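The structures come next, written out as structure tokens.
First chain A sits with chain B, and in the next complex the same chain sits with chain C.
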Partner chain A sequence: MGWTGKVLRVDLTKGTCAPEDLNREWADQYMGQRGLASKYLAEEMDPKTDPLSPDNKMIFATGPLTGTCASTGGRYSVITKGPLTGAIACSNSGGYWGAELKFAGWDMIILEGKSKKPVYLCITDDKAELLDASEIWGKSVWDTDAWIKTRHQDPQMHVSGIGIAGENGVLFSCIINDLHRAAGRSGVGAVMGSKNLKAIAVRGTGGVKVDDFPAFLAATSAAKEVLAGNAVTGEGLPTFGTQVLMNVINEAGALPTRNTRDVQFDGAHDISAEAMAEPSGKNGKPNLLANQACFGCTIACGRISKVNEEHYTVQNKPEYWHASGGLEYEAAWALGAATGVNDLDALTYANFICNEQGIDPISFGATVGAAMEMYEDGTLTDKDTGGLKLKFGSAEALTTAVELTGKAEGFGAELGLGSKRLCDKYGKPELSMTVKGQEFPAYDPRGIQGMGLTYATSNRGACHLRSYTVSSEILGIPEKTDPLVTDGKADLVKAFQDATAAVDSSGLCVFTTFAWTLEDIAPQVDGALPGNWSVDKLLEVGERIWNLERQFNLQAGFTAKDDNLPKRLLKDAAKTGPAKGLVSGLKKMLPEYYAARGWTKEGVPTNETLSRLAL
Partner chain B sequence: MNITLKLYASLGAFLPPGSARNTIELDVAEGASIGEVLALQNVPRGNCHLILVNGIFTPPVSADGKALSEGDTLAVWPPVAGG
Partner chain C sequence: MQMALVIDAGKCTGCKQCELACSYVKEGEFNPAKSRIRVFDFHQDARFVPYTCTQCDEAWCQQACPVNAITTNERGVKEVHDSLCVGCKVCTIACPFGTVNYNASTGKVIKCDECGGDPACVKACPTEAIVFMDVEQAGFDKMRQWAAKTDNAASAGQ
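Up next is the complex of A and B:
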């Protein structure tokens, strides 16, 4: 009934796979995916656990709508304690893998312990076994995918796994499924690598039952009409993809540039959606070839691109001449604006390597940006970088760095620490553009004030996907707010955080919320699940999840001091654009936010708040 | 007066052929409104969802009443989003 009711528990130390019943009481309180898996993690594991120790658990979790005919209902999340941040990590991915897990009859997989030798988990419907992965250890995501499908003679298998970055403990390594869809952030790939688990291959032949089929069909059909009829989800996202934001955010003066020294990038147009669609190179073909949808998605925002065959990165490497996933906005920003590189083919190549080896392009690009600033100010020398000339704007430096980072070779091993540890090591902590150790993404909090509060309070470290106030502050969805003021942002951020936590627990993609409100989502969840899933209940579940994650982090040792932004954003005013002269107003917003949340001045949920949320 | 007009995404088709970087410089009547400038380029108003003047949001419904000034940059998009 939305849920399959079955959880697969895998003990990697003992080499066992055992089914167990889903905890229905928790499912009713936390819905699924992000919320429900966070509840399991919080209940089963000490938040102080070392993220790279065998004691850290890792949960691959679907939502009740994953694998159903709800539009975008193909999502899954990986929940664990993140090695980049030390906070609770929850990385969400699309593609087809999540739906396949559901078809095999599982709501989630809980992985614990550590295998003595490299293994992969192979699931075929209700059969699950750990198999030897020594032949694919050291191989890329792409080779692993092909090897597993060949070995099992099943091209319909879906594989989620790590490349060499996760094996090598790169702290921002990610988990990739279906070749280029990523559970991207917080270093979840390094946790998988630390467990000697290379991949999870799934083949499912069942379907997903829903509680009230006529109601579910009516709700999902009506919601699809809303997506199709909405100008953004019906036309904007499929045609231009997320990358259309590059010029928008640059014009709005909120594009963090060259390690956030500036808020506008003179090369923004060169790496934008518009540039991807322009003819390039001798053959006059554009970088962008097609759009692509994840499972069941009627939006299809994904980009499929190609590196120009004449480009220096691939000239003698025909293995990179094929079409693959990219560039999405966040990756293009991090690999481009954050490093000052405006070479679209170099960015596309770097993004391919990120997918091939399982690297989060946001954290990688932002870390290279910080290293470039340290190189230019003389903190890093050629001796430190092994001769890598990390100058802002150098495409060669970027593309060499990405190759070295996956392999953890030379200076790549240091880049793989992430910008916080790198900047700390070289005595320049102020140059790390991070919150709770995680690099922030493509929006400058001086030009979009709500994003400063979003980054500072995000439970998984700096992140745009915990409360995407850009939607309101820049795009006017669902209603326009002024990006340059702090008034009202505490409530706005809280509202986005709670609603997003609910969406992330349902199996749906958060991009639907450019068109859908919870009024569109609640009837779909209600049709799939037993019980009464109203808008109010979704909001209550979302708020409960947010507070559960907060409690986990407080118990892990975080305090209000960690709800902060890099000094640069609080002290150095934006130099150009609409935000010229402004810094982030975090100091004003944060106490308002704690009050709106029902937390103490120290950022701790009060007993009253906890009991209101049944925590 | 001189202004800069930037038409992005599908609206780029309404720029003169050969325009680079989705941008043209225009000499328009003193105090011309956003609506007048868009009409000059035959940009369908129904497709103008996001309008920024010097990076600052202007609701599409007030485009006719909003006069531009010398040196302004007007940037316009059809319905777009991302993340």
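Up next is the complex of A and C:
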């Protein structure tokens, strides 16, 4: 009922697959997906574990609404200890794979140990087996997907796996399912690679049931109406995708540009949603061909794009002339504004390669941006880069770098370390735009103050998806706050963090929260699950998850010192736009946040807080 | 008036809400594998195409059935009678479009029956890629679109 009640435990060292019952007590406290898998990880593994050792565990987890008719009910998350950060990692993906796992009858898969040889996990309903992957080791995500479907003569299989980046230990490699949907951040792909696990193929022919069908159908139908009638989810996202933000954030003076030296990018329009829709090239077709929904999603923000066949990147590579996953906002920012590149086709090609080889475009683009700054200031020489001329604005440098990074060849092997390790290595740690080792995304904390606190306190390192205060500060959802002030942001960030942790544990997509509040979400969860799932319970579950993740990180060795931002954001004022003259007010917000959370001044949850949350 | 499911693949986003609605109505659970309508993803061409039974007038499935388990109702819809179906699957071979399929868990064949005149897939589709309309007017909107492209000025000048 919502949950299938079954967990698949795979011991890669022994080569065994065994079913076990879902821990219902934990499920009631943590709901599913992000929360429940984090509970399993925290209970079963020492947080000090080396992320790339066989002792690290990896959990692919669905939520109770995954595989149902709830709009966006197709999500799954990968929970593990992240090699990029050393913190708990939880990367969330859409597409169709998560729902398929549910139809096969499983709530989650727990992977442990390390296989001696490359293998892939093949799940057909209740049958699960580890199969030889020697023929696909070294192949791309796309070739692996095709190979597995051909080998099993089943085009209805869904595949989640790594490309060569994950095999090569690129520290920001990701896991890709359905060709271009990504469990993107924190290097979860490298963990999979370290276990010699190439992919998980799933085919499910069973059904998903919910606890109370009439209540569930009424709640999901009402919620779909809300999405359809909302300007962002009903119109902005389907038409423009998340790229609707490019010009908006640029005008707000919060578009981190050229490794965050600036907050506005003169080439923003060239890489925006509007540009994607403009006719380009000789055939006059736009970059954007169609929008795509993930499983069950009635928003459909996904972009299906094509690189112009005459563009230098693909001119002699007809294998890239087809349509595939196009640019979403974070990728367009990282590959474009962070590197100063305004060539839309080059960005689209780089995005294709990221999907094909399993690379997180946010961390990759931000790392290239940091390398470009070191190249321009003379820290990096042609000798270091193997002749790669890493100048801001160079599309050729970007597209060559992405090819080299997946292969871990030449300077690509150094880029694959991520910006923190790269900048440390060359003696310029201050040039790395990271928190807890993870590159931050497409919002400058000087122009959107809440995002500074968001990045600093995110449990998986800098991230926009842990508390997207952009909603409130820029878009006015659920209510408008001033992006340039720090007042009230501690409470705002906490509220977003807790609500998002609940959404990420349900099987729903966080993008629904442009339109939905927990008032829309709670009845859907309540209809799917036994028990009483009120708004208050969701908030309690969310807060419990947040503190559990925090405890994991504290035990892993993080301290309040790690709740910080790069010096550039704290010392160098924004040069242009509405935030001109401002730095991040993190120092003011952080103590307020610790207090709001019920944590000590050292950022440690108090005993009262822990017992209130039954931790 | 005879109604029909009319599909405009250009509006489909691949969300599969139609499959979820269909399987819920027919199987009492969310199970795309048992949906009578399926969405196909021609990924490299950026196309999604929902596909289901067109309710042929002279239905090959019906003519092939050796036990007359498939009948035509008053709306022209071909219905499978589980009490008569023996699971021989000959209809699944006879159908040129693949829209009649065997359900191993019941030993019967399944196909679209337009939900008794109120198709669940239509209500579930968020983009109106699937609509239920007078079959004789199914081409009207398409004709209108082409008519709009007719260059009246050119013919008036002759």
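Note that in this section the second predicted complex is superposed on the first by the 615 of 615 C-alpha atoms of A that agree within 3 Å, B and C clash if a C-alpha of one lies under 4 Å from a C-alpha of the other, contacts with A are read in each partner's own complex, and residues count from 1 in each chain.
Definition applied: a residue touches a chain if its C-beta (ideal position, glycine included) is under 8 Å from a C-beta of that chain, and two chains touch if they have at least 3 such contacts.
These numbers come from a predicted model, not from an experiment.
Undergrad: In the overlaid three-chain picture, which partner chain does A:K224 touch, first (chain B) or second (chain C), both, or neither?
TA: The answer is second: A:K224 touches chain C but not chain B.
Undergrad: Scan A:A323 for contacts with chain B and chain C and give back first, second, both or neither.
TA: Only chain C; A:A323 stays clear of chain B.
Undergrad: Does the superposition put A:T239 against chain B (first), chain C (second), both, or neither?
TA: In the superposition, A:T239 contacts chain B only.
Undergrad: Taking the superposition on A as described, I'd like to know which of chain B and chain C A:N23 touches: first, second, both or neither.
TA: Neither chain B nor chain C is touched by A:N23.
Undergrad: Touch check for A:T609: first (chain B), second (chain C), both, or neither?
TA: After superposing on A, A:T609 lies clear of both chain B and chain C.
Undergrad: Going by the contact rule set out at the top, does A:S534 touch chain B (first), chain C (second), both, or neither?
TA: neither
Undergrad: Once chain A of both complexes is superposed, is A:L475 in touch with chain B (first), chain C (second), both, or neither?
TA: The first partner, chain B, only.
Undergrad: Common interface residues of chain A with chain B and chain C?
TA: After superposing on chain A, no chain A residue contacts both chain B and chain C.
Undergrad: Within their complex, state which residues of chain A touch chain B.
TA: Residues of chain A touching chain B: 230-233, 235-237, 239-245, 247-248, 251-253, 269, 273-274, 301, 329-330, 464-465, 468, 470-471, 474-477, 480, 482-483, 510-511, 514, 577-578.
Undergrad: If we count contacts the way the header does, which residues on chain C are in touch with chain A in the complex?
TA: That would be residues 13-17, 20-21, 23-24, 27-34, 43-48, 124, 126-127 of chain C.
Undergrad: Considering only the defined contacts, which chain A positions touch chain C in the complex?
TA: 67-69, 71, 96, 99, 103, 156, 179, 204-209, 213, 217, 224, 228, 238, 289-298, 300, 304, 306, 322-324
Undergrad: Which of the residues in chain B end up touching chain A in this complex?
TA: Checking each residue of chain B against chain A gives 6, 8-10, 12, 21-22, 49-50, 52, 54-57, 59, 73, 75, 77-83.
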